[in-house]
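The structures come next, written out as structure tokens.
The following pair of complexes shares a single chain, chain A, combined with chain B in the former and chain C in the latter.
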Partner chain A sequence: MKVLPLSELPTGQWGRVVSLKARGMARCRLLDLGLVPDTPVQAVRRSPLGDPTAYRIRGALIALRREEAGQVLVTPFMILPAR
Partner chain B sequence: MPLATELRERFNIHPDPGAAVIALAGNPNTGKSTIFNALTGLKQHTGNWPGKTVLQAQGTFHFGGKKYILVDLPGTYSLLANSAEEMIARDFLCFARPDATVVVTDATCLERNLNLALQVMEITGRVIVCVNFIDEARRKNIFIDVDCLARELGVPVVVTAARSGLGLTELKTGIDALVRGQIVTSPRRLIYDPDIEEAVARLEEKIPGEIKEWINARWLALRIIDHDRSTLDNIRQYFEVPEWGVLRERYKYCPT
Partner chain C sequence: MFCVSGINTAPPEAGPGGVNEAHQPEIRDRIVKTIYREAEAIAARVVRQTGPHRDWEHKVDDILTSRLLGFPVMFLLLGLVFWITLVGASYPSQLLAKALFWGEERLSEIFVWLDAPSWLHGLVVTGVYRTAAWVVSVMLPPMAIFFPIFALLEDLGYLPRVAFNIDPLFKMAGTQGKQALTMSMGFGCNAAGVMACRIIESPRERLIAILTNNFVPCNGRFPTLIALASIFVGPAAAPGFSSLAASFTVAGLILAGILITLLTSWLLSRTILKGVPTTFTLELPPLRLPQVGRVLVRSVQDRTLFVLARAVTVAAPAGALIWVLANISFEGQSLLARGAGLLEPFGQALGLDGFILLAFILGLPANEIVLPILLMGYLSAGTMVEVDSLTVLQNILVHERGWTWLTALCTMLFSLLHFPCGTTLFTIQRETKSLKWMFWAAAIPLAVACLVCFAVAQTVRALGLV
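And now, the complex of A and B:
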């Protein structure tokens, strides 16, 4: 299983949260945003300067900075197009 | 111990013996302000939360011959006080002790909104959950099983589409019934791991009785375990409890 930081997830790709590296308040905040293990998350678009990036998390679009997204480890997965 | 009205005055709520205070909580962008405007109309005024550069809006409405003061809390994802907004929302629920709290949620992404609802329900049981944007959810083929949600949460659930005014009467009826005690809630309680539950039980016993009268002891015990220093400091800002300092010192080194 390939595991990478959420900040490295290519635009358009989906990943599933494996774990959070953050501790304390930063961890709490990521959990509050809905990033608990097994949550699917998609990198939707990057801002012109490359930071922050908008992610789809549980139906909402949320911008995370590189430092924050880097604290989330995900494993990429494919969504097959509906037929 | 201070009086309820004194504590509420610290949050700029003017004492009004006949009126009930209703807090409006919710994640950002859930249409909270639309609901606030729809309920209060032009009877509102804005200012700042005391000591903070965060906008406070409060307004009034009448229903069933009773006056209601509606307080719009800042939109937050959580009450764990990572920001000034979260601290305001949490302190208001804890110390101003509204007669009822409406948690506004977004029907199109309900799941992510329930985190806040559960956190509010840990502080106060007098909660009514409002599932807003129900029109938009229907367009996206999302159907909400309201009865099931109400059963699972143990509090009343009302669906609204605030922009078109749908469900607002039901919301007011719900608030009214809750404040008058016609609805008794049984908020779902989160059960933590056995070691945490054991520590909570031991801590709850040690919390002074005067504080227990004011704040949900279980919630407070959980914050002590969290090592949530801002809550503990804020308590001293609102109440003067002699043993509290001792308690705080003793649990200062609680493992996080």
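And now, the complex of A and C:
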């Protein structure tokens, strides 16, 4: 199973949260967003200057900078286009 | 408790007594995970998904935040908003001015009929009424157009996209993209912008956002910028393009304001507010078609009328005071003219003149009254009685007072960059609970305004461009 930082997830790709590297307040903030293990996350779009990136997390679109997204480890997975 | 209740109530790093530091994250994780699992289960039972994600939303977002088009679209939208405001406001402005000055004549007739002393007529009609009328006719139409359009963009969900696009620039400056949101609030009113800085969690970044908020022109300064741009840029452009050129000049000034915001933020985060940028998490709410009716009513009610009422309540007494200053003479010169004379050398160095500088100083209670004060100062020496259109204003500035495009440019820059109004300064004192920061909030912009105007004026003169 390939594990990579969320910041490295290509746009359009889905990943499932494996763990958080952050500690303390930063970890709290990420957990508050709903980034608990097993949560599916999609990298949706990057800002024109390459950072931050908007992620689809539990139905909401949330922008994170590279530093924060790098604290989240995910494993990519395929999702079927139709629901 | 713990994480979900919000970051501010999170327990300190050391953790509550008894819980081992090493175990604490694990416990927190488990609590949060359980809460989310529970929430998911409830949501699955009671929330029904209404169809798949709308496709248009994705496509619009693709354009708004595109690598190629993201920034041009931002600039175009900004220019478009000003263009609509400028074009839409000019005719109602003239109509309103005609009506209000018709009212002034009737008011004068009543004073004559009552056989009132001329000083009373001067104080009430020429001072209070005329200043208030000026403020209303110049401010009401642009505000009644600008605020609703801006509210529509807000309702569409565009503003968070702006923050998303320009966050990297703020990151370089040592702050964060949410400052773009507080700046957008500043377009309406800087005091509101300062209050909006509460959304920024880091105290250091919040303070920087507060100290630099006045670099976006509030609606009290827009009319000044728009009027000067229409007079000095409009006629210089090709026929048919004058209002377009004027609106993009205003948009360009705002870009300059943003640039100065970034530079000042950068400087602050390397000097008196040292620190590294913290985090940036911003929700991009779904784009939705604005609820036009509701937005129109609310923006006229909550913003346009509110701001106008404030401007008039400040302008009326200020009008009386200025009239007194303009009409009490000391050694054959009015107090206003004497004050302007004292400031003349400083004004000249900044590309302005003494009257302009004095108008900015006396305009401290509210930026709306800077232009009326300036006119009253100019007129106290001259013979003009009525200023009911931009052509008349142009006549006074260019032909009677010898304004060049450099004077106009420096006045616009000074208006854009100078100290915030009294209300904003009080708000800053209340928000930061410190007189020191209130002082800095006035001193930093003043220094920036002087520096920029001085540099521009001296460069242009040295190059012999005027």
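Annotations for the structure displayed:
The working rule: the second predicted complex is superposed on the first by the 82 of 83 C-alpha atoms of A that agree within 3 Å, B and C clash if a C-alpha of one lies under 4 Å from a C-alpha of the other, contacts with A are read in each partner's own complex, and residues count from 1 in each chain.
Keep this in mind: a contact is a pair of C-beta atoms (placed from the backbone, for glycine too) under 8 Å apart; a residue touches a chain by one contact, two chains touch by 3 or more.
Computed from a prediction, not measured in an experiment: that's the story for all the values here.
In the superposition on chain A, A:A54 makes contact with chain C only, not with chain B. Of the two partner chains placed by superposition, only chain C is touched by A:R45; chain B is not.
When the shared chain is aligned, chain B and chain C each come close enough to touch A:G34.
In the superposed pair of complexes, A:V72 makes contact with neither chain B nor chain C. Ranked by how many residues of chain A each touches, chain B and chain C are led by C. When both complexes are overlaid on chain A, the residue A:M25 reaches chain B and chain C alike.
Of the two partner chains placed around the shared chain by superposition, chain C is the only one that A:L64 touches, whereas chain B remains out of contact.
Shared contact residues of chain A, touching chain B in one structure and chain C in the other: 24-25, 28-29, 32-34, 60.
Within the complex formed with chain A, the chain C residues making contact are 2-4, 6-7, 10, 13, 25, 28-29, 32-33, 36, 52, 61-62, 65-68, 70-71, 164-165, 167-169, 171, 177, 279-286. Looking at the complex, you find that chain B touches chain A at residues 29, 77-78, 80, 82, 106, 108-109, 111-112, 115, 256.
Contact residues of chain A toward chain C in the complex are 20, 23-29, 31-34, 36-37, 39, 45-52, 54, 60-65, 67-68, 83. Of all residues in chain A, those touching chain B in their complex are 24-25, 28-29, 32-34, 57-60.
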